[in-house]
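Common to both upcoming complexes is subunit A, partnered first by subunit B, then by subunit C.
Right, the complex of A and B next:
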């Protein structure tokens, strides 16, 4: 760390000298966020006792840019980690730091970086502060543009695992070729745009198992293509991974493969989209013995609608990397102003359907499994059903002051697979019908009241829930809200809790402060296909964010 | 300004980088299983003390993946025999008795270790191997990591401590007397504590499984039931040791007819305590580094186990 800071200072000194020679634009920017919560004892809702009473997560990003050069770091501190996050983040440090030089031909980073090849099926290095997910690579990355329209990436390094580094080394390369840019004299003005890509990633981790000959170098490669013509777009990607025994796949030596195809068309006042995905044994981590969110090299998006309402996200789905086939379709239509249905202000309707199934597999008996494959895929037919979400969302402006959204969603959730990753039937499948009404009344410029009423009917799990919310913005820089989640359908009458939450906040320039008091139910929180369990809690929470 | 020479240079760089990536080879494995290597516990030197490996399996009856961890523990015992000192720590939300999975295998000492080392909070199943690893979070190991960690200790670690357990047990009064002789084989700096625990093996009851659903007659092995010493141990040395220094600690304990004692664990459904068959019970003793702020604080130097009834 000390050496790195000395290096940074040296680079800064160099830039100061350079400024004498040439005037170059210079800026410093960053952002800070601190979350802290005081936890009350509340054994009734299952909130764990917190001996420290107060837990906090905080971070600050600082970036310096001068011309083509940039450098930055992120300080993080968890004292201790708030409930619901991986407690192994406990500590304080600077896990992210980089120096970068970029011009039209080359882009080189020394230190930490994030990146993605294609859809991320082979490699996606990213962070999500809300989930406390960070799989940044610490090493070197070079991005070169040897020809117009051709981008070549190469990288090597080790991934962050909490405040340490993964034992495995990640090496990767990617080539992306935009044909229209390269052959600009022939294709620049063509309506059809074509982009091709190919990636190769390999990880190295020593084999220390006393019982298995674990491969130390595990490669994963794939190709992709994107064709666009006017409002039509089609994107396809295929990836293959060689034997990669790991904790997640229960140390099987089978190869893995994944395919992803999505197509869309946007016309006058409507759009249509369809996507499909096939995944077999594609968990890919730089530490084969890790699970949860640690040391993930790749990422496979869940083909489901991204809901924002509480009840619609109560049972969220995440891609099952050990095996899944999924599909999603969406149709959006805009009823124009003045039409019979659109009325004076028009109306938006979105129909969405997504399904996910397991693979049709057969387990291998140990005596027939010398290669330690554990299973084989019998056919390309769907296996066990994992999830579905059929929903319709209608948004309409009623008059100058009132607008509303109605959502209906019918969901199916295989808790055994999604939560426990278990192929045996332990829990009943959860079937829900969800209704949401969201109405905003804007009574003057910058002032509004928003009402939400949500209902989720189900006979499984904890039974039905209802949600009521009022959010008041008296001025554009201040808000107050109250939310109540009521588990009125719980089979156990003593557990029909109200989870109320009071929330106030203000925004001034680039600073946002929110203070909340109330209870949070236990649940699973998923963002971008990654989930964490959030235990129940009861207390006061403060969040301060600032950007400069 | 972009020139022809620069273009050539960037082309060369990109070709070299592409080759570098391609050179990172793939290892295709056609024979996944290693041939078993016999473990040589006989060093040819009768005075040589071997270091045992304390494996703590943090588990629970409703943890669907926990039988896999227990199977790994069994296979390590099969591989390394008496060099393994096993404990199953039933703690956290997966260990709280519920209808169907009503066995109460928790204990106050299990809760203390689980909470302090953040085991079930991070995720079950998991464990610690000789409580090695710095910082504290690095002690957390998934069962897939236990084999390599155990093998590393067996092959590389030196025993600085010798433990000798002596027990007497009266089957009528259920009075148990334990004597633990600790011999320091090297001059060590720092503080060292002795922990003495009581375990019960093969408690038959339901267990949730990822592959089999409810296993009705599952053998819950090496269940940590109580502590004879203080939970965090009794002091053997507070500021260093001498070569050959011997410390003897004795404990008198009354083996309960049932475990756990009422009111000592989270038991919302008031599930009944479990009968204790003394023929299945053992003492586990271990010496650990109790030096505050030492990088190896909490690391176990030596461990041993002995059945209370032959």
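Right, the complex of A and C next:
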């Protein structure tokens, strides 16, 4: 019977294609990535023993588009998952598949989808394949444009948790209204652009606690506004969540709320940006007992500079969903070509500062009740300090062949809170001073050498580190690189290791193959707002990615 | 479940067994820097080629590439009429920086926000930087992942070849 149905479906689709839709554009595209690593035994650096010797992560996407219709799927396989990722990613399957129809009025998806409401403070369904983050919803979604400038979204389904689904059901709706598009004749050419939005999300999960009266339906709602006027932009969002005891908030019945405001002004060659955020008990998951990054419904990104240099990201920060207030400011200036400071080729300077504190709370004694409240917020003053990063980055092209970037960053890191998720004081706060020099020398068209020298001074944790890197592109299709991270400041002289890594890579159009050999140091890895320690490793790794 | 998947695969294969093209730009809704929406299938350049560059504010090679193209962009436009569309895949964390980076750098490209990564997914972009070259008829004819100093020269050679109607390796 099933074979018959499949055959019928295939025949039908073929005949439809042959007869009706001849002039509709059609394509099939996809991408894939396979990572595999062979692990050497290296107990000195603390690398765990891998009994399988080889671990691999891989996925392949296939998307078919025909006019307004599209369908696709993703195959994933972890045999088993590589070190550093959540070990619950085990096995092989097709956790993502969808069929979608979209025209100017309606956009309907059956199957898996990704979406976000506003900045994601109450709902953000997304994937980051490199970090193995995927909280896709499997269900239905409709996006309707009933009126020019108005977008209405409605969705229902269950979230992916590894190769299964979360026990909770997620329902959500969102309305976004772009006033300028609606009032075309009045506002279309006005310089001031206004967008308003409002959303509601609710999750359902049965009460499973023998002692607590866990709420089965938990709602969360929010509103937002964006105003743009030329180079000026302001965005604000507020969200409120009703009682939602969970593993992450230690089964606290307190309501949650979050607020986010960011504003910027960008002129010709300069810009200024300021942002602030307040988060109180806003962890929101479709499975209240889940840990790490699984079954997260919302997204609260850290309000800090997104560094890419190894030492500047040594101690990364993630928003503390149980309570945080944070602020960030940035000033950028582009000294023009030909100016006194800019010289012949110009120069860019960026000053950035970010801070994060806990809330000023008062703890409550346990109550003799099936609903437990753990604290109240006493004032809007900052509580315990979690993080800061004050940094300056200068980029300059010196001549036709040489350009460079200098970065200085001063950071403060509360390891107990950020990594251990504990208010008990075990580790000292880590204070670092980081210097980076990155120079590219282009010796002929398509050929270049890039050097990086980095230094991180600290008296805490594992002490100071130095990094040296050379990346050579003899032709633009091939590169070879060597990096050495040296923990020269470790208090224990026997642990002053060199973590060297050799890398070669080939790129041909949209295909990239890289091979690396060497050691990875233990590090802190933040995904989906959760930071954790990933182990050191030693071995040979191969990565192949392609888009077609 | 497995049977459903098998049938889906069969349907897809049946539909595509007969034609296999580079394809047009898929229809995805993304945002302008001022918050208004635009459908990516409406990207056009009066019959001239379009370069679509996926980038992010935190991606150093992406910004290097776009900076380097910017130095020659006026000449490129004069000679070939090519247009660069820069698609930022920044999410809520870094999205406010898109507008400040673009203005500070003085990029004159069309810049859009793909903060939900819908367009990135539809174009099967694995990592940034990733550039696509679209010919005057709206067909995607070439794409390239990653950036090395000097890659913009190869990109521009390809733009000129597309205008001459030469076939590019895909």
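By definition in this document, the second predicted complex is superposed on the first by the 516 of 548 C-alpha atoms of A that agree within 3 Å, B and C clash if a C-alpha of one lies under 4 Å from a C-alpha of the other, contacts with A are read in each partner's own complex, and residues count from 1 in each chain.
Going forward, contacts are C-beta pairs under 8 Å (C-beta built on N, C-alpha and C of every residue); 3 or more make two chains touch, one makes a residue touch a chain.
All figures in this text were calculated on a predicted structure; none of them were measured in a lab.
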| item | value |
| --- | --- |
| Three-chain arrangement built on subunit A, subunit B and subunit C clash or fit | fit |
| Contacts of A:87 with subunit B and subunit C, given as first, second, both or neither | first |
| Subunit B versus subunit C as contact partner of A:503, first or second or both or neither | neither |
| Subunit C, subunit A and subunit B - angle at the middle CA centre, rounded to the nearest 10 degrees | 140 |
| Subunit B versus subunit C as contact partner of A:171, first or second or both or neither | first |
| First (subunit B), second (subunit C), both or neither touched by A:217 | first |
| Of subunit C and subunit B, partner touching more subunit A residues | C |
| First, second, both or neither for A:429, with subunit B first and subunit C second | neither |
| First, second, both or neither for A:181, with subunit B first and subunit C second | second |
| Minimal inter-chain CA distance - subunit C and subunit B, angstrom | 17 |
| Residues of subunit A at both interfaces, subunit B in one complex, subunit C in the other | 104 |
| Residue ranges of subunit B touching subunit A (in the complex, touch as defined) | 2, 6-7, 10-11, 13-14, 17-18, 20-22, 24-34, 36-37, 64-65, 68, 75, 79, 118, 121-123, 135-138, 140-145, 147-148, 150-152, 208-214 |
| Touching residues on subunit A, where the partner in the complex is subunit C | 2, 5-6, 9-11, 13-14, 17, 25-31, 33, 61-66, 68, 70-71, 73, 94, 97, 102, 104, 107, 114-116, 119-120, 124, 126-127, 129-130, 151, 178, 180-181, 193, 195, 226, 228, 231, 233, 235, 262, 264, 266-273, 275, 299, 301-303, 306, 308, 330, 332-334, 348, 440, 442, 445-448, 473, 476, 479, 507, 509-512, 545, 547-548 |
| Complex contacts: residues of subunit C adjacent to subunit A | 3, 5-12, 14-16, 18-24, 26-27, 29, 33-37, 39, 57-60, 91-97, 99-106, 115-118, 121-127, 130, 142-146, 148-151, 153-154, 169-170 |
| Residues on subunit A engaged by subunit B in the complex (per definition of touch) | 86-88, 90-91, 104-106, 142, 144-147, 152, 154, 156, 162-164, 171-173, 175, 200, 202, 204, 208-219, 242-243, 245-247, 250-251, 253, 288-292, 371-372, 420-426 |
